[in-house]
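Sharing a structure, written as structure tokens. Questions coming.
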Amino acid sequence: MISEDRIKGIIENVLREMGSGEISTDLRTREATVSDDDIVDFGATDLRKQLLVPNSANEEAYLKLKETTPARLGIWRAGPRYMTQTQLRFRADHASAQDAVFNSVSEEFIKEWGILEVSSKCKDKDEFLTRPDLGRQINDETAEILRKNCVNKPKVQIVIVEGLSSTAIEVNARDTFESLTQGLKGHGIEGGTPFFIRNGRVPSMDSVSEVLQPEVTVALVGERPGLATSESLSCYIAYKASTSIPESARTVVSNIHQMGTPSVEAGAHIADIVVKILEQKTSGIDLK
Amino acid sequence: MKESVLSAGIDIGTSTTQLVFSRITIENTASMVSVPRMSIVDKEVIYRSDIHFTPLKSRTEIDGDEIRKLIEGEYNKAGIRPSDLQTGAVIITGDTARKENASEVLKNLSDLAGDFVVATAGPSLEGIIAGKGAGADLYSREKGAVVANLDVGGGTTNIAVFRNGEVIDTACLDIGGRLIRFTDSKRNVAYLSDKIKILLSKMNINICEGDILSHADAKRVSAKMACVLEEVIGVKTPSKDLDLLITDCDLRRDYQIDYVTFSGGVADCIEKADRSLDDYTYGDIGILLGHAIADSDLSVKRDVLKSIETIRATVVGAGSHTTDISGSTITVTGSALPIQNIPVLKLTSDDEDLPVEKWGEVIKRKVKWYRLENEQQKLALAFKGRRNISFSQIQVLADSIIYGLENGSEDDSPLIIVVENDLAKALGQTLKVRLDFNRDVICIDTVKVENGDYIDIGRELSESKVVPVIVKTLLFNY
Amino acid sequence: MRLKTKLFGTLYEFKDLNDVMAKANEEKSGDKLAGIAAATVSEMTAAKEVLSNITLADLRNNPAVPYEDDEVTRIIQDGVNEKIYNELKNFTVAEFREWILSHETTGADLRRASRGITSEMVAAVTKLMSNLDLIYGASKIKITAHCNTTIGEDGVLAFRLQPNHTTDDVDGIRLSLFEGLSYGAGDAVLGLNPVYDTVEPVSNVLRMFHEIKEKFEIPTQTCVLAHVTTQMDAIKQGAPADLIFQSIAGSEKGNTAFGLNASVLSEARDLMLKEGTCEGPNVMYFETGQGSELSSEAHHGVDQLTMEARCYGFAKKYKPYIVNTVVGFIGPEYLYDSKQVIRAGLEDHFMGKLTGISMGVDACYTNHMKADQNDIENLSVLLTAAGCNYFMSIPHGDDIMLNYQCTGYHEVPSLRETLNRKPIREFEIWLEKMGIYENGKLSKRAGDASIFIK
């Protein structure tokens, strides 16, 4: 490996030979004052367009096939091991996924949105992760809060469920919600009072539905993150949801994020599904 | 969810007229729990007509009535009614002279071809369609290579070059099997094209229509044509003859062609090893030209791949490969579809870089300028759009579009918006709300168009709710 | 049977054998979730002491799930060679452990013993083993199986090439496949987890695998890991498959939740022997994982380790080519962190080998688990030392379809070079022929998928 200093030395020599030795000091000062805008975000590289294999047998075909898959391919190697840059990117993506799981949706975010916040029976993140049973339920006090603050028996109840990605909620839930609400309004449907369930799992939508008894429940839930994105949101929709209905009675729209289905587009699509569910009075596998 | 679309392809060429019916299968390729992503998963030719000689009234005029009869006959034979068709393309190919009465011919056919028709295509589009029909695009993707298809027909040779499945270059030459025609097997010349006359005189072959062309000279001129094809592909150094025979644009030749495919009527004479057929069976130089190409360096210096279609490449291309489909989440209100030949006004990337608040003025200015230049008032507004657009930004975008497209008068024609990125449903819904549901909106996405293209949009398919789309690129600029 | 013990002045008493088994387990969040785990490490140790004095006969006579109620129990019990069992039945679990670890006991002895024991005995002795015990014990046991090539030979470490794709896009799968091959992966199997569990897409991928295998003359096996019945339909309709796959559980009820039973698997095996494209005789591929029975409420109050051992006992009936545990896939409610995943990986591998099946491990973790890539790199080294038959391999360890991480294509040469292991012999010759290997190592061309595209 050629060190950075040696490269600098070579450049200085070349410049000196060209009769402009002054610039060498320029280089140093510029390095010291590099502006934040010039720093490249190493998490922003589009991996599909990046081919690190040197002198590959068929570079064009490689790149073309890479477009067909988000897998980390064409990443080359250091001996048998990973290149430093891809290893760092992998760790960065994993960090982002873990942050999404282990951090909670910030209280400011919910406050700014202006929706009601309640919690599942889990007292913290650790309990949420190890006790899926508790993440499905709400306690009596929470039920009471909902009864007091929310429209009873609305046509459509939208709930935001924290799930396994706080990032998905913070990045994608609100736009999805707004677009969905606009779509429903277009069909003359008013939603109930939206609220957020902290440390909730998907079936918590059933528990709250038993309290408020909407005709249709729409839950926007943070998906368990993969490395490709930690921002993916899922939507579960059920007709007359209750804790006794099977999972197969839920209609699911997953993969809502910038690289999947963009949130506003997903919201508009979900609105149409809700209309269909109201028409057919069923959801999940029975929905045609 | 699987759905199929029936498509017709009709190719009215210099010498032959053909028809195919294709079944295009559309399927959701997203996982069950995602927003559907409909894609074309299969294209199957379910009916191939006989190959008819193109009925002519004169040397330059197609006999529209006869064409109609012929097409009608094929519909009956196939047992297909025009109402069964959802999409399709009619292409009049070959000598431009023939196209003089093209619009009349097309009008004659319009009720037969359903309400979904492509008019005449330029030579570039012809070459691309033939290349796709021959499978050159598929080969180039499979092999990760550059593949050139030479569609050698009666009047012209259209070349399309594909790299990894995409067109990178096209050319058209006055090389074809019927540029010299004979009245009988004694090589009594019935017809010589103008360019061929020049070529012959350059070769010191001085004959006119009515003279007899010697077998040796017929072979010489065929070899010359093959030689020019070697030049255009880059096997030989380009000569003045190439300049002469180029009709609109030459290939750039700044890339290496790895493989060659042949289609068109002459292609069969290239592939067939058996040369028992009399050289003048078709009363033209087609067979000799085929042999000359087979004997040329084209097949020595480039790997020749077997085409999926030869003489039927163009018609199969027209039937199977012109139709695309929109994205799966779109907005279509009212009953304006299908619509045809809508010119596309696309915002530039510089325009798109402006904040969406400013788009209204840009659109207004461009539409005004466009309407000064063109008679047609209808247009489709196209742009790429941002993937990560927020709900509040989409409201602003919708307002800008409405402001930009309103023309003062009481216009209630539908708004036609074509977006590249996936946001047509949200945008369409917002437009509807912002227009108080007073105007129809056709807002589709996942369709890539360029300024100056024309677009046909078919009716929504019943199951998948996508619309068939044909984008007609008239100009092929690189 | 003594079900109580005294430790540092405290008396520990256990309800029954299942209670002893559960509490003797190393800590697992899944046993806690089921409410059957030891409350303290002292209680766990006490349970281990009680278990150490239980005889193999006691374990035979008290299966975790009653014989009458459960097909899996019946298959395990009926498969026991009574002669061998009679030689072993008076061992306490402690003695059995020491016999396994003894220098006098050879791999052949252990392979023979595997025919005379039940899964409960396998689980019990595992509970008394430390991590290094598990590695040492497993390393003695060589289990080979043959499909098109032989897996499990000494000094060989094979890899499944897992080119999963978010939408089963054939081009995307193909590129991943090529890249994996270019790192020397794929000697165990070319195996895709499909997104769509229907005949047509499954057949498409099988055909593509077959074409590539034929075109480049790759000595390996192919498989698409759809539900067994989907694969059977595809094969009946002519799709080429070398192996047939299914996820299995350690109880009949668990298998019902997976949509299968013993006769479905027998039918699948018969079909493969008749219509599969491989040589055989080993044509089955199974996956398992601690906790799956609890997640389908089919655990019968039994701990997850014992249920896992029963999966292997069940699998053995079908003479599988390969079986692997997907050890960290299930999530933190069953295996909380890297410590638990590493322990479970070593346990599962040892148990598989002691059961007598060709065992591999999907060393993996999900993003809601407290584990990272370093942890499974550790686990893969430990398991290689233990003589694991194969691992998975995916691009950069990131499975874009299943959304979890496991061993990557780069781990293939890294583990082989570091720990002196080789690919399956025929495959190694092929790698040399393709120029991917030179002198038993990656060549300069290795890592370039595009050598397969022309």
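Chains: A, B and C, in written order; residue numbering restarts at 1 for each.
Everything that follows uses one rule, which is that contacts are C-beta pairs under 8 Å (C-beta built on N, C-alpha and C of every residue); 3 or more make two chains touch, one makes a residue touch a chain.
Fair warning: this is a prediction, and the values are worked out from it, not measured in the lab.
Comparing each chain's Cα centroid with the centroid of every protein Cα atom identifies chain A as the most central.
Two chain pairs, B-C and A-B, are weighed by contacting C-beta pairs, with A-B ahead.
Per-chain CA centroids place subunit A at a distance of 32 Å from subunit C.
The mean-CA centres of subunit B and subunit C are about 55 angstrom from one another, to the nearest whole unit. The distance from the centre of subunit A to the centre of subunit B, each centre being the mean of the chain's C-alpha atoms, comes to 41 Å.
For subunit B, the set of residues that touch two or more other chains comprises 30-32, 141, 143-145.
The multi-chain contact residues of subunit A, meaning those touching 2 or more other chains, are 58, 61-62, 65. For subunit C, the set of residues that touch two or more other chains comprises 166, 169, 171, 450, 453-454. Against subunit A, the residues of subunit B that register as touching in their complex are 30-35, 141, 143-145, 163-165, 329, 387-392, 394, 421-426, 428-430, 432-433, 437.
Of all residues in subunit A, only 58, 60-62, 64-65, 174-175, 178-179, 182-183, 185-186, 234, 252-256, 258-269, 271-272 touch subunit B in the complex they form.
If you check the complex, the residues on subunit A that touch subunit C are 53, 56-59, 61-62, 65-66, 68-77, 80-82, 86, 90-91, 93-94, 97-98, 100-101, 129-133, 164, 224-228, 230.
Within the complex formed with subunit B, the subunit C residues making contact are 166-167, 169, 171, 195-196, 450, 453-454. Remark: subunit C residues 29, 32-33, 163-166, 169, 171-176, 179, 183, 331-333, 336, 366-368, 372-373, 394-400, 403-405, 408, 410, 412-414, 417, 442, 445-451, 453-454 touch subunit A in the complex.
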